[in-house]
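We just call them A, B, C and D in the order they show up, numbering each chain from 1.
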Amino acid sequence: MTAVTKIGIINVTGYAGSELARILRNHPEVTIASVTGRSAAGQRLPEAVPHLWDIDLPITSTVEESVDFVFSSLPSGASAEALAPLVDGGVKAVDIAADFRIRSAEGFKAAYKIDHPAPHLLKRAVYGLPEINRSRISGASLIANPGCYPEASILALAPAVQTGLVELDAIIDAKSGISGAGRGSITSNPMYHFAESNENVLAYGLEGHGHQPEIAQELASLGGSDSAKVTFVPHLIPMTRGIFATCYAPLTDPSTTREAVQATYQEFYAGEPFTHVTASPPRTKQTTGSNLCLVYPTVDPRTGRLIVVSCLDNLVKGAAGQAVQNMNLMLGLPETMGLESLALWP
Amino acid sequence: MTAVTKIGIINVTGYAGSELARILRNHPEVTIASVTGRSAAGQRLPEAVPHLWDIDLPITSTVEESVDFVFSSLPSGASAEALAPLVDGGVKAVDIAADFRIRSAEGFKAAYKIDHPAPHLLKRAVYGLPEINRSRISGASLIANPGCYPEASILALAPAVQTGLVELDAIIDAKSGISGAGRGSITSNPMYHFAESNENVLAYGLEGHGHQPEIAQELASLGGSDSAKVTFVPHLIPMTRGIFATCYAPLTDPSTTREAVQATYQEFYAGEPFTHVTASPPRTKQTTGSNLCLVYPTVDPRTGRLIVVSCLDNLVKGAAGQAVQNMNLMLGLPETMGLESLALWP
Amino acid sequence: MTAVTKIGIINVTGYAGSELARILRNHPEVTIASVTGRSAAGQRLPEAVPHLWDIDLPITSTVEESVDFVFSSLPSGASAEALAPLVDGGVKAVDIAADFRIRSAEGFKAAYKIDHPAPHLLKRAVYGLPEINRSRISGASLIANPGCYPEASILALAPAVQTGLVELDAIIDAKSGISGAGRGSITSNPMYHFAESNENVLAYGLEGHGHQPEIAQELASLGGSDSAKVTFVPHLIPMTRGIFATCYAPLTDPSTTREAVQATYQEFYAGEPFTHVTASPPRTKQTTGSNLCLVYPTVDPRTGRLIVVSCLDNLVKGAAGQAVQNMNLMLGLPETMGLESLALWP
Amino acid sequence: MTAVTKIGIINVTGYAGSELARILRNHPEVTIASVTGRSAAGQRLPEAVPHLWDIDLPITSTVEESVDFVFSSLPSGASAEALAPLVDGGVKAVDIAADFRIRSAEGFKAAYKIDHPAPHLLKRAVYGLPEINRSRISGASLIANPGCYPEASILALAPAVQTGLVELDAIIDAKSGISGAGRGSITSNPMYHFAESNENVLAYGLEGHGHQPEIAQELASLGGSDSAKVTFVPHLIPMTRGIFATCYAPLTDPSTTREAVQATYQEFYAGEPFTHVTASPPRTKQTTGSNLCLVYPTVDPRTGRLIVVSCLDNLVKGAAGQAVQNMNLMLGLPETMGLESLALWP
């Protein structure tokens, strides 16, 4: 009991922040000690976020308690700024924003159009995708939690890329539920109004999206190369939660069979608690509210292409659940602790 | 051709305003001559509202052309203010806002908490519900277009109230799609964010809603009384268009049969082009995009209550379509002109 | 460990059955030992219901293991038939179907149009709503789990009825997500096709619904009377999970204040783990995936009516969660065990 | 008046059939004379399809009237069988099913796994996509209306393929609303149940879909080749209407600019009444209920790929509206007659 870890959540009122609180509230080895917000500072948490009715903490503007571990789900830029003094002071941290995902400050600026607010921390940061990086996460003090799209995309392609099944040249066509736009998005753009998002599909970021360099960086590493050709097109579709990524890449050997590909994938993810290779194409609803990522690879023999579909809940495996999985590794706890729920279906 | 009426639409960028433009663009006897907006002023209409791609007019901040007829879909208060000089100058008008629905300035202030900006026009204004008021509309120069909820509620209860089938004591439980909140609503309240409206239902206005006095005023008139007891509870449900009103009232004679009620309703609405009594309970989707209001009355013999359900498209019969129907009457045109489309289903 | 209770789930492939499995899989004091299905018999559970991926049991056509406790979510009629031999043999049971909710075989036949298949068990069955019936549930061997609509309706009205705040004369206007129609509904009626349910609202059961006598029976008991006047109109709205009930009843003393009503409700539900009186109107999404029922009472002073809104997740507090809460009471376990999850939001 | 064309609609109760009736009812030069159904034969049309309330015709099992022009929206195989005697007898026809889209009987069998029921008609059939085939359609007596996915895909790629901007090697990632599955789909598969389609995305046809050879055939023709490499992956997303196709192809000259591509597209579709090149990425809702196809081409300079997104309403430009456009051409009527409605938005 005395060993329970005291947690701080920066920006608890956003969708990722409140999802973190929901998950951590049932985690047996931690206690939520401090939560921050911006416009909601001064309220009690249940006033601002009613479904967290029994986490009766004040929302403060900065992390007030002496916490042992902190999560930030602030927007990019603000997040590193808020985390830097804590991390410098020895608090372990998971950044759910994009600030530590790109390895270089220059790359960060190219992707996000702002100067990096804490470049001295970039070297300490470890990319938090356990399926490809587990041991480094366990020893890290600062984790860059993957973006929701990169999480789905990299998990879809990692087995093929690392084993050389495909060339380093991928097209990723991703479909996301609208919670991915964040809660604050609403005040700036009527496209998130229910009346305009419902019964509607759109592509965005066609001239460049911040998640493209993140995906390319990680696929290049997996492929043992300096760079990877990646075309990435995200879409918004009328649902709340869920990401579905459809990935295309040329097979190195065009005669590779579906069976061979599926065997490679099964082997790559054997034993993974949350990433499963399925026997038939998965659907996002099979992951809602759970920390699962489901992956189904196949082959288009007409064109010699690998096709992989993957799906996950963008707020769980794509954000808060992944962050808790990383925390468990960093704290030496069982990796699945607090993340055992099955998907909510239908 | 020379007789074509030149139309102005004030606040064309809102949901009711753009729906007006959509309908009037195919109306053979009018031409849209001037459209106004607030933040979009200065743009061409198709830039601000892309589905109106071939109505290539500039959006101005006030009605610039010498128009013959004007519609306003500004918010309450602002609407009467914008209309007053035009109406005073002899332009016929339909107000889609609430400003001329309540007959007295005091009643308006009680319902909407603002002083009426043009009380001198209240006497000229006619409540624009043709099913109960057709001849007065034909001779009017200023029409108060009914609220979307009152439209569905009054059409549901008018036959029973006017024929004395029920006491003047109604409960109206109404369910609305989220376009009813208006386009501007988005910036003020995250509840209209798709992620929060989807998979959600809520009741609002439980401590009083501006449409309650409008409904009570009209039902009292129909019942030949000074007042009517009306409980009105609106709900938001996760769909874009549509209102569904479920209305309950005590039968004057509790032994009245379903058949007798249905016969009364059939007779009341015989010949109505847009309000139909159905043989089985209707669904909102049967009205989407059309100017129909569907009404189904029945009886709960256990409790001696009349139950009536009604539905319509809140942006058509509940707003822009009703406004065009009123315009047709005011201009001496066939009442259904420009409103002939069937519902879009599924 | 040796005391772990072995559970059987009859008809695990329906929505309530699979929700039971989802909840019980994380319950520390039970183990799922046997699951049955109809058309899916012969498959493994994860093949038929993929989100239950790690409950690797065969689906059989009857309960095969020697189970200690059984749940049935078969359709009405079939459920009592399947349960009777087990209950007669000493297995404790919760019936999620309607078969033991109406106290008399005649009442059952009037409501469901079939002869009761096990009338000898009616006297042993206890209505499983702990908020009004806790001690009797603890001692029972056969529980009639409430219907989803009655659950929301009775919890909304019980405090007012039992304390005499209102007359025994209620109108209940209920809105349900479409999972309430059940999984099997799809093959019989295209109205459940996404294309026809989406962007649509409808009322049904206008000429009588099986849940009306259940509500009337329980409200009458609470009011110390033989009968209660109840008008009940259910609606289907385009969402998957959630019930929202809006209830209207005449105040015994029309001058009763909102504050007095809210105080009565707060007192009535003080200490309840799952039924909460809220300070502002609740929304269904605040309950999704959780066992909460949220209740908000208010007063319409114009008409002297009580208005109460309530909401819950129809598959959890309205079905499987309520069933587990009942099981916990019957087994002497902590009432909230296995039901601690917060709602999934957004 | 005497020249009005008498129309037959085979299988009017499906989604494409009822959409045809909705459009044709307002067409000034035709009259619906006969409608057929399968299980609904014997009913009046408004009983079976209530939104067609004023088309009061009997539903028969075969086309009974002596019609001048017939549409079929039967399933594949059954459609050609029903059309053959009519076409042989001199009635002009548009087949909305897939039966005449693939030019050879062998290709048809490979794609649809059934023998072609009327191979003698294959040579007379013309592929009904006016943007690439207008003059041949005008002279045809039997039209193969394009599939909904091919319509969006071919219109997205035709300008690039015909002008040699890209190699004949395309990936088409398409997203469809669920009405595309057809009304009959419901009885066979619970995946179309609202509760299972809502908040869900899935890919299907991963091992081959009947629309792939149709797309490949037409792109090959446009590119002046015998064959084209085409990977086609369709997805179902939770909306009723709309198709969104995201298409990827390698640029012949990787340095081709976005501006050059957009100019090529603008020129290709200049003057087209229904297919428009947009200045920013379009959304499906801009086409709902209209006969528009919106196309936006751009370039991924990192990878030298063309990316084109296109969208349309699958039941209008993707089925019934396209069929009426073809009919207008075949009858020598103005191409846009009856198809002038703007999209219903929001």
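Just so we're on the same page, a residue touches a chain if its C-beta (ideal position, glycine included) is under 8 Å from a C-beta of that chain, and two chains touch if they have at least 3 such contacts.
Worth saying up front: this structure is predicted, and the values here are computed from it rather than measured.
A.B. asks: Counting C-beta pairs in contact, does A-D beat B-D or the other way around?
C.D. replies: A-D
A.B. asks: Of all chains present, which has the mean Cα position farthest from that of subunit D?
C.D. replies: The most distant chain relative to subunit D turns out to be C.
A.B. asks: With chain centres taken as the means of their Cα atoms, state the distance from subunit B to subunit D in Å.
C.D. replies: The mean C-alpha positions of subunit B and subunit D differ by 36 Å.
A.B. asks: I'd like the Å distance between the centres of subunit A and subunit B, where a centre is the mean of that chain's Cα atoms.
C.D. replies: That gives a centre separation of 46 Å.
A.B. asks: Once you find the CA centre of subunit A and the CA centre of subunit D, what distance in Å lies between them?
C.D. replies: Each chain reduced to its C-alpha mean, subunit A and subunit D end up 38 Å apart.
A.B. asks: On subunit C, where are the residues touching two or more other chains?
C.D. replies: Residue numbers touching two or more other chains: 15, 177, 179, 193, 195, 198-199, 238-241, 282, 285, 288, 346.
A.B. asks: Provide the residue numbers of subunit B that touch subunit A in the complex, in ascending order.
C.D. replies: Those residues of subunit B that touch subunit A are 15, 177-179, 181, 183, 185-188, 190, 192-195, 197-199, 238-240.
A.B. asks: Would you mind writing out the residues of subunit D in touch with subunit B in their complex?
C.D. replies: Touch list, subunit D to subunit B: 15, 18, 22, 25-26, 49-54, 179, 198-199, 240-241, 276, 278, 282, 285-286, 288-290, 340-346.
A.B. asks: Of all residues in subunit C, which touch subunit B in the complex?
C.D. replies: Residues of subunit C touching subunit B: 169, 171, 173, 175, 177, 193, 195-196, 198-204, 206-207, 229-231, 233, 235, 237-242, 244, 246, 248, 281-285, 288, 296, 298, 300, 302-303, 305, 307, 309, 311, 346.
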